[in-house]
């Protein structure tokens, strides 16, 4: 199938205009080989590990959440050269859907909310809010850990949590926490919780379920959709974060 | 004792010129009441909780690692007003030492290295590198957790780790990881590990011991030094992060 | 009365969207104590003198023309600390209406035009233009001095002045003088006349009636309006400029 | 005499490197006709009035304090065209000395201090500080008015003023007022006093003696120096400000 | 005729809003003497040579393609002074039409296309595309040389060229070459061909017919139009580029 | 030979610190494969044509004057992908020396001056000035054409030219022409002569000998030097500009 045709369908799934402003240059065809595509690989990141796997399975297109070149370059260091060589030698075009797919219907956050079993899900900016059966912070954190198969860090002991906001990736920013509070959420599941955000949080239960575990399901869920829409082979490439937790106290 | 005189001694302990450029406006006398100081409070953050405690113990000066107003303001919202009122009503001047104290002799990173029992400690930029008895990633992470009394997240399974770099606060940046590698460290203890840094890391053992637990000891250790140097009452105000970990797999 | 409710009415009197772009961060609730308001103080400036008076009369809200913090700060020097302490200790929220109130119906410039007895008043940008009985520059300047109870400096001797433009505050900019000329004004009453503007003026009679005297009436006139609209105690705090003139030649 | 040679001597009188940064493009040969100079005109401003007079007296060079083109242009409107035509048709080169001549030995501020009869004069940045016989604010203001033949506005009633800072032109900025205070001045003579400076002043006597009257003497005093140094005809072109004061109260 | 009236008609011929953004300050009345115009001169450039000729023929207005002051100035060096003096002494207002006249109906590019005998001309951005009888690159280049009476440099040997894009002035930019390609042109006539554009060109025949020769005809053609529209004397001032080519190989 | 070792020698030939500021990111190892180098290719440009030739001759390193990626990118379009694939698949590292090699001893401009047979060569900024036997513009242009084997465009008819400035690449900027004039050159050989430079030139003979023909010799001359210094195979890849001139008049 023509690459251009696939791009059209990818833009229906994750319309580029949904992306945040800072994603300029990081959305869409990042490496355009104008090739004919028989097989698609999907993964969270576009790095050497993933590209090697994509080459092994003879993919012609790799779709990722995170782009290959984050900041524009005119000098290509060794690690980037390695990734680029894998893509170019094996004829793998690269396509990236990032905050546009976070926000899109059926995207990262919808999948995350579904995985955690939230009910009556509402859109809030990029994230989602839904209901859970009343539980404590510890119970909710344990459930998130189970559902996403990930170690977890959390803060803010509460009882009777009924509304939860989720935001795949690094969503612990004051503006989003403010939204969670305004929309009546008692807990917020996201990742990369920073000290100053934790300190100014106040009363919410904040559950850091790692960047990987909150975003990877959304990319995995893309595969069956693409198979159906395109009638092509689509394979997911897993690359776990390897993070482990040690409890204390 | 005159505030100005105390400031002189604080500047000897943490010379302002050691601070990073981005710390402009966040170092030194953040709130200058030009008052006479009988009692000093020390803490990690300058927030309402800490200021209330400082008022309770009748401190005239609060020394913190993180400043009160991070980005310049000309509108004062309620939470800042609350903190400011506590300081102004109770006559508490505020002094902040941040990256200058991270880098200083006897500062945040020297204290952190000592707490972890590192030997033959060397300065590397803001951080420190030292030796440990050969151990695995899991063993080192467990030891860090014990020494700093904190839950921990880590990645990168290794055996025979002999050199460790430490960096209190959010030190997991590619430039610092590069330094760790160049200086022969096999493990890096810091906090706020982000996905893209983890992904491009390669081979190091990265131990995220939380922002709080890696910086708080440095502030606590300031107290006995100030008591001796100033002959004044100096009290440490503890405000634990409340973070808890859940293991998985 | 709830502060939020009062703000609604203040925004009807001086809609924030009427403010000039440079006023960003200087309009509206400058210090938001979210308090219940029984008594309101009004003044031209938000400085220590005014705040002391506001505390004496037990005001819960101070409304001023000029804001407390002109340029954003993250270090609070002694003079600002003094003003802030007065506001915070005495529970006085601060609200600022500046160029929005200059431009608003019934605002600074409408009051100024009325004080000077102008007739058939028209809006011109922020300022106003109106008619007077034919008079010379000296006569008009004397009248302005009388009406506004202020010393005056003027330049441009003319006879038979019939149309006058007024602009409270520092309105002597070339763009406004150009407007005055195009709209047929023969005299312009404002303040802070600078040398280069005077030199390039040409033929207009320019009357510098001081910043204070051209703006203060507008703030004073706010008091009866607020009393009626809110049914609360509203008191004006006077702080004259203290300027005196010496004639020569 | 060659223009280039005259420029050398002008640069000794007012070295360009003494100018403030904002004066870039406004110092030195503003219009360079590379002509032979027999007669020099000196004035405060380079405008059409002055250029007409300079043409009448057949000057080949006009030296002014304020430049002809303040902000860079690539479109020449009528008023500038008029001034330029006068200079070009009559072969008048233009030379501007501004903040460099304010600061220079024997420049604007030295002349101003001498005119006011100050004793034991010291340099402070661009300005000067000197002693007077003890007097009140009103007495000092009256004396300034007499010496500079100008109407005056002043604020800050004091007795026993013994030290006075002077600054020709618009010197009422907080940084200079701070210098005045630190250097023990009780009064400050300058011009273009703005409301916010007046309000935050505190205790100094501030005397606004107009931009014209504080700078013009310095330009006039340049004439005899140039006659002596160059042996050429040098004529001063007077253009009074026309300002008049009206007292009140 | 009033200058203002002539400007109206010039703005109909070349509406200022058609100009590129970078032309801000370089379009319209560059020197406005508000004079009465009896005779108009037209030329490509507004330099001393042209202004001298314009003065000789007693023109009151000079219309050029390139403005007098390209980058804004506040210091006037000798060469600019010479040009300005010629304009001011001889009462010659200056009017510039640049990229607005390139793009306008009947402007630089329409005239250029007509001179080269293109057929079925279409607008493409600023340039034009039209048909020619099939010819080789060498034949087309020779024809361009003949038609525009200019030496020529060209690259890209092709046969059977049928569609040609033209762009008066320096039009060899990648974006325009891309347009030429997309619109089916096989040759592109413009000027100031740079190495990097030539290198990335690929397959087009690029004919550099000099900046002068591609734009001058458009200015010359303005003369009869103005004569008819204004009923005034209009004279064209020729200033050939003097460029000569040497062939090789 | 190790790439790092070759880089050391290249930096002696063309020290990076000699480069102009705008060359940041365009100098040195543009694509670093950290490979072992047996054969080196040298060329003017790093484009697909050259890289294909470099691959054919099995070069491990390509040294060029112009870099591969001029402006930083984070999206890789097809043409860049093609070039990158050629380099990466064939294991060809890329090294660029630009304005540093223009300025360096024995670099582009020294080679150019020697090719034209200049005598008593002096450095002037990046360019060179030297003597020739007295000749006319036409004679000098013909000689340049012969020596560099290139068509030429020139302007400015002169007789008795004795001093010539050369500047490989696009050196016709007003600042360099000014240097040529000040240093007594009567002719200037460079390329990419633009209309506004030609118009303001005045009296110099300007010879545009194309970007390619003025820089290519310098790159070619690098080959024997590298062979000697490194003892490796070094091959030059020629890619003529294809430019042809047509004379007129």
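The chains carry the letters A, B, C, D, E and F, assigned in the order they are written, with residues numbered from 1 in each.
By definition in this document, a residue touches a chain if its C-beta (ideal position, glycine included) is under 8 Å from a C-beta of that chain, and two chains touch if they have at least 3 such contacts.
Keep in mind that this is a model prediction, so the values were computed, not measured.
Trainee: Spell out the chains that contact chain A while also contacting chain F.
Mentor: none
Trainee: State the chain with the largest centre-to-centre distance from chain D, centres being mean CA positions.
Mentor: Max centre-to-centre separation from chain D belongs to A.
Trainee: On C-alpha atoms alone, could you tell me the rotation angle mapping chain D onto chain F? Nearest 5 degrees is fine.
Mentor: Fitting chain D to chain F on C-alpha atoms yields 120 degrees.
Trainee: In whole angstrom, how far does the Cα centroid of chain D sit from the Cα centroid of chain E?
Mentor: 48
Trainee: List the centre-to-centre spacing of chain B and chain F in whole Å, with centres computed as mean CA coordinates.
Mentor: Taking the mean C-alpha position of each chain, the two centres sit 54 Å apart.
Trainee: Can you tell me which residues of chain E touch two or more of the remaining chains?
Mentor: In chain E, residues 70 touch at least two other chains, as defined above.
Trainee: Ring order from chain A, via chain B next?
Mentor: A, B, C, D, E, F
Trainee: Provide the residue numbers of chain D that touch chain C in the complex, in ascending order.
Mentor: 45, 47, 66, 70, 79, 138, 141-142, 145-146, 149-157, 169-170, 191-192, 194-196, 198-200, 210-212, 241-249
Trainee: Considering the complex alone, what residue numbers of chain C touch chain B?
Mentor: Per the touch definition, chain C meets chain B at residues 25-26, 28-34, 67-78, 81, 84-85, 88-89.
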